[in-house]
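First subunit A sits with subunit B, and in the next complex the same chain sits with subunit C.
Our next item is the complex of A and B:
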């Protein structure tokens, strides 16, 4: 029995010691995990940017989203780029000088000493020629071919100098083709080495940062370029995190996991009232344009008086209050403030006039109102827009039924190719496009050629089409401005559009950094500095 | 047992074929034009025609389906229309993140739920049993996204103990584990209640059976009776449930992957459906279906191993 007791005691002691050891390890683990993580991260020289989606390709010819352009701007060069600040404009990037010789000739001279990584040598005019002509080449089937459709050729004068020869004058070339994604310069040698094709791993970089790695749906990492001859970038690494949900990004920012992110409009007021410690909030005007379209070829809406009654009965301030929490301004057309062609005001006042609308309906033969439908996307902001429109139209006796669609279904509603004659069944539709910072890219979707493609209102006006063509080649800014204003007057006067808003782009960033942004709040990350 | 395994695997293969055929039909029945989404507004008719041909969308549905199965049998799940990477490579790059999340979620919920259910059954009708009941029902009814958001606000934003987003640095296991804690808490909490209630009910049933009474009559210690005799049988429904649970979470963890901005299979499929990236949708769905059927089959085999009566019934 004593032996049994001793064995039992020994077992108990061993068990007790084991419990103590396990507990000690557990406590250490808990303490380790409980250590605040943000200060540790803050000490590292890594800039953490949130992108709204993952990259799919870094080939500028096939870019799918702005996020890819944001990363490309860090690791590649363009002749010119958008200027950081609140006014739209451009500045020199890889070019030492740019000169408009005449309306169809632009001469450029590259800065010497811009090196491509992976041993692909110095950037030359040959690389510029290759990059621009590659996108313009119909064989490549780049969706951006239109940016360079007016390019006849790039003439090389010497190692650093060349001339862009255009088939005809093209005013948007400065603010879109050259400054936008299509203006990215790739290394010809590097491209040849990969069979002129790559997706997420560029064969060579030339920017202040170079591509390091892409972990799908996790992070894209760029690091400081040791061969960069320009001003030394402030960060060792930049991490781009793909986070599509804005609320998640906000939590990530507050938890200290990211340094710069766009936030939701619904959170803006709360952040302005209670900003997180050491953070700055800015609200930028966006390049989006949101409107309610009215189908001119729908039997019920063929009479312009009915369409104008709908315009008149839609209360824009209520939409802005309910769907945008009062943080966005009413649009005066499709072209946002800051760009050529922006109108100071609309022809139909933003505030609804239900009595005027009723009168117009009665004149059109509908004294008891009408029953119509509105198709919209299933996003909460857009559904709220639709509900407010429904309520304001009801005051004028217009009974509205809302059809909410999932994105894949929505984006073919006005396509004749997909829907055939059904496109004429559309009555009202709320829509939202984004664009590049030149009015040409705003009006292009509303010409007669686009009816049944992206012109779902089936608006067709010969004067509009003529102005669109002429404004593209007009180089006098004042004349272009007047032309685009007139085009928006024609759109509104046809009764096919009720312009809603250009929205806004609220942004939050840590005070440890000094960001650089385009006027619409797109981060120009290569110019970011440490505070 | 060998014959049972063969029969069970045969059944699993049939289920995979039927499920994938149905899903294939459903995906193609969803309205929307994949070409417009993939190519964007500036696509020319030639570009659309080329992609249509590349995706095989110009062929009759049945031809597309047969071609798909034929390719799958050769190990070809297709190619992502955007990045042009093989779907198998994309899927298997995301799978470890989801597997890690699921196993940690199921692991901690089983580690808490099973003992809780056992204890509750042993202490039947005591205040502990009632308290456990309230706790279990509470965890079942709290939506996972609420747990996710509150855990983020408390542990990531206010206390800053744990990271909020991402999956952690590659090669840094501690960092990856830290990134898993909150998502697995959110995904697993509901399972604690389920498992506790299920184990309690099974235990009560088994504890009333003759062989338990006989064991007690022989004077065996209560702990031996509970752990070696009762729990071995009472755990069977739980094993089956865990099998289904693991399969369900393969795609069901999508909310955690979105809220915590984590990579994973659920998020991969979700994004692919939104962008009508058919090859990724189909390749991921077939792999998920296979893993689902596999996990339930393994659970069935374990049940059959533990209880010979089951394998005689198939």
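Our next item is the complex of A and C:
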């Protein structure tokens, strides 16, 4: 019996010790899991950036989002890039010099000693020629082919020097084709070695950082390029985290897991009132433009007085207050502040004039108001916009019914190819586009050729079309500015548009870094520094 | 004489059992109270709302709960309490209309499948299974994409996806009954299929159907709220618990009462109908508990 008792006690002790050990391990694990990763990472000199989506390809000819360009700018080079700051402009990147020889010739000279990784040698004018002509090649079917549609050829003068020969003058080339994703220079040799195709693993990099790894839906990592001859980058590694939801990103920032992220407009007021410790919040004007379109070919809206009554009855300040929490400014047209062609004010005042609208409707033969519909996307901000429009139009006797659509259905509503004659049934529509930082890309969707494609208001004006063509080849900034302003006057005067806002791009970053951003708040990560 | 006298006594005893059950089962009693409150607020909503639920007052957006606004205001300055009350009407309207229509169609088709010829049974079962093979939400999204979002679309989706559920239950019950002695006797006496189905089978299958239907109410309320949350349900500015939740999601960290105001009624409705439905099932058809 005593032996049995001892054995039993021994078993109990062993079991108790095991429980203690298991508990200790469990507690350690829980503590580890609960610990924010920032203190661990802070020691390793890592910059952590939040991107709104994961990468699908780093091939500049086929990138799907701005996020891929953000990463590409760290690991590759362009002749020129956007200048960090509050004014849109460009600065030299791989080019030592750029010169507009005449309206159709641009000469470039590369900096010597820019090396491609993986032994693919020095960057030469041949690589520039290959990269630009590859995207322009119709056989490649790059979605960015339009950026280089005016490129006749790249003429090589010597190892570092070449000339871009254009078919016709093209003013937007500086701020879009050359500074944007289409201006990325790849190694010709490296591309040939992989059959001219790659997706998420570039065969060679030439930037201050090189690609290290991509964990789908988790992180993309770039590390310092040991062969980089330029100024030494401040960070050993940069981690790009794909986080779709801005609220999640905000939590990530507050937990110390992210150093730089865009935040939601709805949180901006709160952050401004109670900013997190050691963080800076900035609110940048975005390149988006949001408007309410009025279909000129709809039977109810054919009379310009009815369209103008709708413009007049829509109260923009209320929309900005309700949908953008007073954090965005009223748009004066489609071209945002900071770009050529931005208008100082609209022709129709932003504040609604319901009495004026009623008068116009009565003149048009609708003294008792009208019943119309508005189609919009099922996004919270846009549905809020629609409801405020509904309320403000009601003041003028315009009874509005809102049709909410999911994205697949919405984006074909005005397409004649998809919807046929039904496109003329659209009455009002709220829409939102973004663009590259040149006015050419803003007006191109509203020319007559775009009616039934992206011009859902079916606005058609011969003077507008002529100005759009002429402004693309006009190299005098003052003249271009006047042309684009006139074009927006024509849009508004036709009664087809009620410009709403360019929104805003609020950003939060940790004070341990000094970020570099384009005027719309896109991070230019290769220029980020430690504070 | 004993047979005719048994019916009211039996019914009375079943109600007594239900009352006893409710008294004993606290969850069932909570369910009953919740259902009564929700139904009463839905019916009386137009009288109870302190403000116009669709009236915008942007200057007073996102105000916290106060005496004037019990549940605060949303991003457009609308009174959230009024919208929650009106939202209960939408939720119950969708649930009652769609379940009534789906239940009736399921009853008819189920009886036809269970009592009719084999080829008809086979055809209806294939139809039911085909519809059931689509996940409800995916099916709803596809229909909304095709015909556009509206309250009628939500009701249509629920009807189409619910008919097979009710149809299958009724079919099984009908098949179990069709070879019973009393049905055989009726048939031998020359009763036609319409009489047999209407007089003998219908009263026997409708009980389980009603129990299942009552337990489906929270499911339908959730589908409506889910579609409205995605912006594919009711047309703005109509108040729905789903749209209140969606509006609140954008401000969840700073002004959480919007999400609470949209979420709590949804939870309470789901719990209320589920608890009450389970109590009804336990009392009226304990066997169904196993089948469900």
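Going forward, the second predicted complex is superposed on the first by the 494 of 531 C-alpha atoms of A that agree within 3 Å, B and C clash if a C-alpha of one lies under 4 Å from a C-alpha of the other, contacts with A are read in each partner's own complex, and residues count from 1 in each chain.
Operating definition for what follows: a residue touches a chain if its C-beta (ideal position, glycine included) is under 8 Å from a C-beta of that chain, and two chains touch if they have at least 3 such contacts.
Since we're looking at a predicted model, the values are computed, not measured.
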* Does subunit A have more residues touched by subunit B or by subunit C? -> B
* Who does A:318 touch here: subunit B (first), subunit C (second), both, or neither? -> second
* Taking the superposition as given, does A:406 touch the first partner, subunit B, the second, subunit C, both, or neither? -> both
* To do: Could you say whether A:118 touches subunit B, subunit C, both of them, or neither, answering first, second, both or neither?
  => neither
* Where does A:149 make contact in the superposed view: on subunit B (first), on subunit C (second), on both, or on neither? -> neither
* Look at A:217 in the shared chain and tell me whether it touches subunit B only, subunit C only, both, or neither; answer first, second, both or neither. => first
* Asked: Which of the two partners, first being subunit B and second being subunit C, lies in contact with A:241: first, second, both, or neither?
  -> first
* For A:258, select first, second, both or neither according to whether it touches subunit B, subunit C, the two together, or no partner. => first
* Do subunit B and subunit C land on any of the same subunit A residues, and which? -> 406, 408-409
* Asked: In their shared complex, at which residues does subunit C touch subunit A?
  -> 56, 58-59, 61, 75-77, 141, 144-145, 148-149, 230-232, 235-237, 246-247, 249-254
* Asked: If you look only at subunit A, which of its residues touch subunit B in the complex?
  -> 32-38, 54, 56-57, 64, 141, 143-144, 146, 199-200, 215-219, 241-245, 248-249, 251-252, 254-258, 406-412, 415, 418, 445, 454
* Name, in rising order, each residue of subunit A that touches subunit C in their complex. => 247, 250, 264, 266-267, 269-270, 318, 321-323, 325, 378-380, 383-384, 386-388, 390-391, 401-406, 408-409
* Structure fact -> Residue positions on subunit B within touch of subunit A in the complex are 30-34, 36-37, 39-44, 46-47, 50, 82-85, 90, 93-94, 149, 152-153, 156-157, 159-167, 170, 174, 178, 181, 258-261, 263-264, 267-268, 271, 274, 276
